[in-house]
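Below are two complexes that have chain A in common, paired first with chain B and then with chain C.
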Partner chain A sequence: MIDAGAGTAAAPRADVGHGFAARGHWRPPEIAFWLAVLATVFLVPSWHLILNDVAILGLFALSLDLLIGYAGIISLGHAAYFGFGAYVAGLLAKYWIADPVIGLIVAGSAAALLGFVTSFLVLRGSDLTRLMVTLGVALVLREIANQLGWLTGGADGLQGINMGPILGLFDFDIAGLVAYVYSLIVLFFLFVLARRIVRSTFGLSLRSVKDNPMRASAIGIRINARLVAIYTVAAAYAGVAGALLTQTTSFASLDVLSFDRSADLLLVLLIGGPGYLYGGLIGAIVFKLMQDWLANLTPQYWQFWIGLVLVLLVVIGRERMFGWTLPVRAYLERLGARIWPDRPAPARKQ
Partner chain B sequence: MLRTLIGSAVVAVSAFSAAQAVAQDAVKIGLIVPLTGQQASTGKQIEAAVRLYMAQNGTNVAGKKIELIVKDDGAVPDNTKRIAQELIVNDKVAFIAGFGVTPAALAAAPLATRAKVPEIIMAAGTSTITEASPYIVRTSFTLPQSSVVIADWAVKNGIKKVVTLVSDYAPGADAESSFKARFTAGGGQVVESIRVPLATPDFAPFLQRARDTKADAIFIFVPSGQGGTLVKQYVERGLDNAGIKLIGPGDVTDDDLLPTMGDAVIGTITAHMYSAAHPSALNKAFVEAFKKANNNLRPNFMAVGGYDGMKLIYDALKKTNGATGGDTLVSAMKGMSWESPRGPVSIDPETRDIVQNIYIRKVERRDGELYNIEFETVEAVKDPVKAAKK
Partner chain C sequence: MATVLETVGLEKRFGGITATSNVSLKIEKGARHALIGPNGAGKTTLINLVTGVLQPTAGQILLEGQDITRLQSYQRVHLGMARTFQINQLFPDMTPVEAIGLAVSERLGLGGDWWRLAGTRPGVVDDVVDLIDRFHLADVRDERTATLPYGKQRLLEIALAIACRPRVLLLDEPAAGVPEGERRDILAAIAALPKDVTVLLIEHDMDLVFTFADRISVLVNGALFADGLPREISRDPRVKAVYLGESLDA
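The block that comes next holds the complex of A and B.
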């Protein structure tokens, strides 16, 4: 796993530490990516609403990436935590506190709690069992939300949410600027956190569990504790994403818990590719914008085209499809190396 | 010669600038309907009807050019909301219209209020929708309208014991409660109320339960796509032989699917606001034109909601002389009345909901095809839920 600047046998420990820290550097493509994202705030004001959706879907996909890409847990019911966060945020705003930031924290914590409790179900069994269990959890939650009509509004959706201004300063505007910037800030903050998590020793141990659970347990990694932890974190992320959706649209409906949402999420991650954190974000950008573009071209048949693209993606393979970008990426890497000529790795506490 | 040349050039230039002025003076209508997913047939019918209306009546109203923007929301409310917001903010539409399901209509309601844009409901049928925003006007129907009428009919025609079977979501609950209230008030008895999950293609066990109650009739509401399966299973389970009549709001025998349902459905009695067989010259012309433009597709009650929605928009613009703005347009719409393919309709000035005739119909074979044949009319029915609140 440790590839960048891997050391010699003479001083393995120090070199592992060095290589490890080097992995934590922000590389030029990453910086370019986030600068481009920042630029959208100023350059394309008429896209803010759809980009807000993209940011939320990206955060949601990031959460699934933590599970699939880093822990090897496949889930078909990740919308459970998304929807739970969405409803918690909605109910909180409707009945108690209209402040979005507090709502976000509460919704994230609630989803984390739910994730923690249900993680013990998910630990049992193989991939197939996990698919079924996660699917089941989402279905059960959806039905509960449907039956608790007096609280959740049932099939009509949760009405009458009035979000307050963010930190008492920024009111959500109808053009979606505040909503988009808010979602972006939350996304960026949680992305940086996720980046730290997966690059920590905890993240590495997760990867070893994913690659070979038997060997991982043989070297003393407590597999179940690791999986419970990452599942809880992923659930919190999904909950925050759901809360963002409720807060920026002032609305929550049963669709936040639907199977379609979980399935779409898998597609998003598949498009972007799991296991490097940016996959979910790129997938969300491609999926949402392609969906919007196709749906405008042909409102009836866009699903056909999006299906075709997905099939092609799988048949041809992402690597081959984007293979032509390799020289460009290599050039960017070289450029980056020239700008930052072998920065000394700062000492990091792990 | 020269003078005429210059003269015609001036005319041409002024005509051109006039045309430009018209183009700038466009009135945009954002039509948000489900064109994919389970509710796709609703969206298809509405879009076809809206386009038909525009083809028949031109795109110039009170000196303004009407532009239609069609968007698919897949009946997912947060999509609806975002699309409505984009239409209002980016495209500056003067109307948002369509809305295939109740949650979608409700999701857009706060936007209509905030941006003061009229929201024309062309499909969704839950009673409470028009209360969600003062800018909502409905041209479809409410479920209680037909549920109450069929309850009265059942009481009058010697039906004493009824079992209800509805899909478990807001419109289903609406239909069930309004039928029950009216039917029991008239001296009838609802022996059992069964709710089936919305996504259930198999009604057999529920129908068996209904059969075991030995009621006189079964009151059914399911969304329009599921009627065919239900009627088939109704016959398979022998409810017709057991003498249990099939009654309900007209969604079960939706015109869109009726031709494919088979003879089992003959004799089903429903109450609804529109049948493609409605005997009026206007409706005959409407059905003919609709079929011609849409590869022989029969218009259903969703189509007529879309058609009338467009009529309402056109007439409101005529009344305001092309002036837009939510308050002006909505007040122009209040109290408006016209002859629709379904019969005479009007917009209740108090509730902004539609007032219309509800017809009792029986499925029969006519000219080799199945139709809902109207045989009784209850005139000018207001939404009973909102009427009862007063």
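The block that comes next holds the complex of A and C.
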């Protein structure tokens, strides 16, 4: 790929064009990841309930990754959109339409609208102001949900939700199989869409805004419009995740809007690492399994261990902690290149 | 000749300090116009005002007769004005191909396309390859910008501005800090700019100014001090006094 003759080498048109197109190819580790996810449907039926939680948390973290990893917007109140989607889905099912798919679309749209409106507040100012504003929006929303007890059930939560069968065919079962498959399908569909978005010109322009906003506007990018757009999309994703939670548990409580949920989400993304889309999913798996395992081990102190892991992550650094996987990854990529020879090795990233 | 870029009584004050003082400057179409002056004369402030990074306290900026004083940076880019920065303003995590591909796509109005893969629309790749070759970036085209040698980063800095295909180009000390061995590429790239592109160049390097410019303005303490042909400026005793100790005869 790299020519030796400094300064004089010509860039072959086909290579550059191919390089752009190759960015969309599915790489072997990605395919392996999704095959493994698919396998859990068949191999570990007793885990479906917790895996459903993992899938929902993964989708929620994916949504935050779009903001932090790609647009550089830090949020401490992303639960606002998750919770809004959760309540919209619950209320819709309780009072009007019990169809889950319609519920998802309505909840996602409602959260997108809320995201669009609040984005104008959030995009002002520095990172610190953004943290405060996002936190504020979530707190305000939680209090509204608390005060509207006649509608939301207040502190008791929204009860009496009876979800209909998915597409009129599949009823949610007690073992969680339908719920898990449903959440997975939604997660996969939205993941593919997000993958598409971040590899588009729009996605590239977001990265440029994150990298260097001054230069981004100097090449003609209208920064605020791009940030409003991705904030709206991320809010929609969070809303769908919230709706999935309500639909698969037939319940929504103030907890969906809580500060803890926003903070945990940051943790999840930090564990998996932002900026490559899989971080949210991997983080969700590690976080939920760790939570489950530690809660069994020391029911009262599991947060101590989570906190310890977080501190270690930051102090040691993810690279050093997982550096030992590099040879394995390199081997897998070489293997992949042999199996799919027409796919060029991905651009070297450091 | 037609005036392409004009400032009328441009003024910028930061608190009590006047960084730009009543600057009225006319740049002719196709000019190679150099803006020189001692350190702290307000050259970069003037560029920042013209490109919309800063808002002037008073005065007007006209691009091809249109008042652009209140327009934002990105809008001025769409009207055909691009710039480079004195200190590299690049995208550290992106490769030259990605960065140039983005600038070209934005020029073609594809920046909002959220569905198709970046760089796969017709026209983009041809332009990217052309710019990569012109600016000697072929050998590093897929490397992270942050890891490139300084000279290459400087070339990319200019390539990104050219990718916007400007009619007016503002170069803020393009050769600053470039090691001697890599200067040649930069100077050649500047010399090879299309003739119909109007260039406003800020530069400390008098060799570069006097080989390149066909008109020179001197800025001192934020105000326009002298304006004229290179040979007039080089003989102006007042300018010599300002540049005491620096040679203008080169």
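A few points about this structure:
As a convention for this text, the second predicted complex is superposed on the first by the 325 of 350 C-alpha atoms of A that agree within 3 Å, B and C clash if a C-alpha of one lies under 4 Å from a C-alpha of the other, contacts with A are read in each partner's own complex, and residues count from 1 in each chain.
In this section, a contact is a pair of C-beta atoms (placed from the backbone, for glycine too) under 8 Å apart; a residue touches a chain by one contact, two chains touch by 3 or more.
Keep in mind it's a predicted model, so treat the numbers as computed, not measured.
Of the two partner chains, chain C is the only one touched by A:212; chain B is not. Residue by residue along chain A, chain B and chain C are tallied for touches, and C comes out ahead. Legend: residue contacts after superposition of the two complexes on their common chain; A:220 is shown touching chain C, with no touch to chain B. By the touch criterion defined above, A:175 lies against chain B but remains apart from chain C after alignment on the C-alpha atoms of chain A. Contact with chain B, but none with chain C, is seen for A:300 once the two complexes are overlaid on the shared chain.
Once the two complexes are laid over each other on the shared chain, residue contacts for A:53 go to chain B alone; chain C is not touched. Contacts of A:155 after superposition on the shared chain: chain B is touched, whereas chain C is not.
Using the contact criterion defined above for the overlaid structures, shared-chain residue A:255 touches chain B, although it does not reach chain C.
Against chain A, in their complex, chain C makes its touches with residues 51, 53, 72-74, 77-78, 82-83, 85, 89-95, 97-99, 101-103, 105-107, 110-121, 124-126, 128-129, 132-133, 136-144, 147, 160-161, 163-164, 185.
By the touch criterion stated above, chain A contacts chain C in their complex at residues 1-13, 16-17, 19-21, 23-24, 196-197, 199-205, 207-208, 211-212, 214-223, 225-226, 229, 347-350. By the touch criterion given at the top, residues 46, 49-50, 52-53, 146, 154-157, 159, 174-176, 245, 249-251, 253-256, 260, 295-296, 299-300, 302-303 of chain A touch chain B in their complex. Across the complex, chain A is touched by residues 35-36, 40, 44, 47, 70-72, 76-78, 81-82, 85-86, 88-90, 102-103, 106-107, 110-111, 114-115, 126, 128, 132, 168-170, 198 of chain B.
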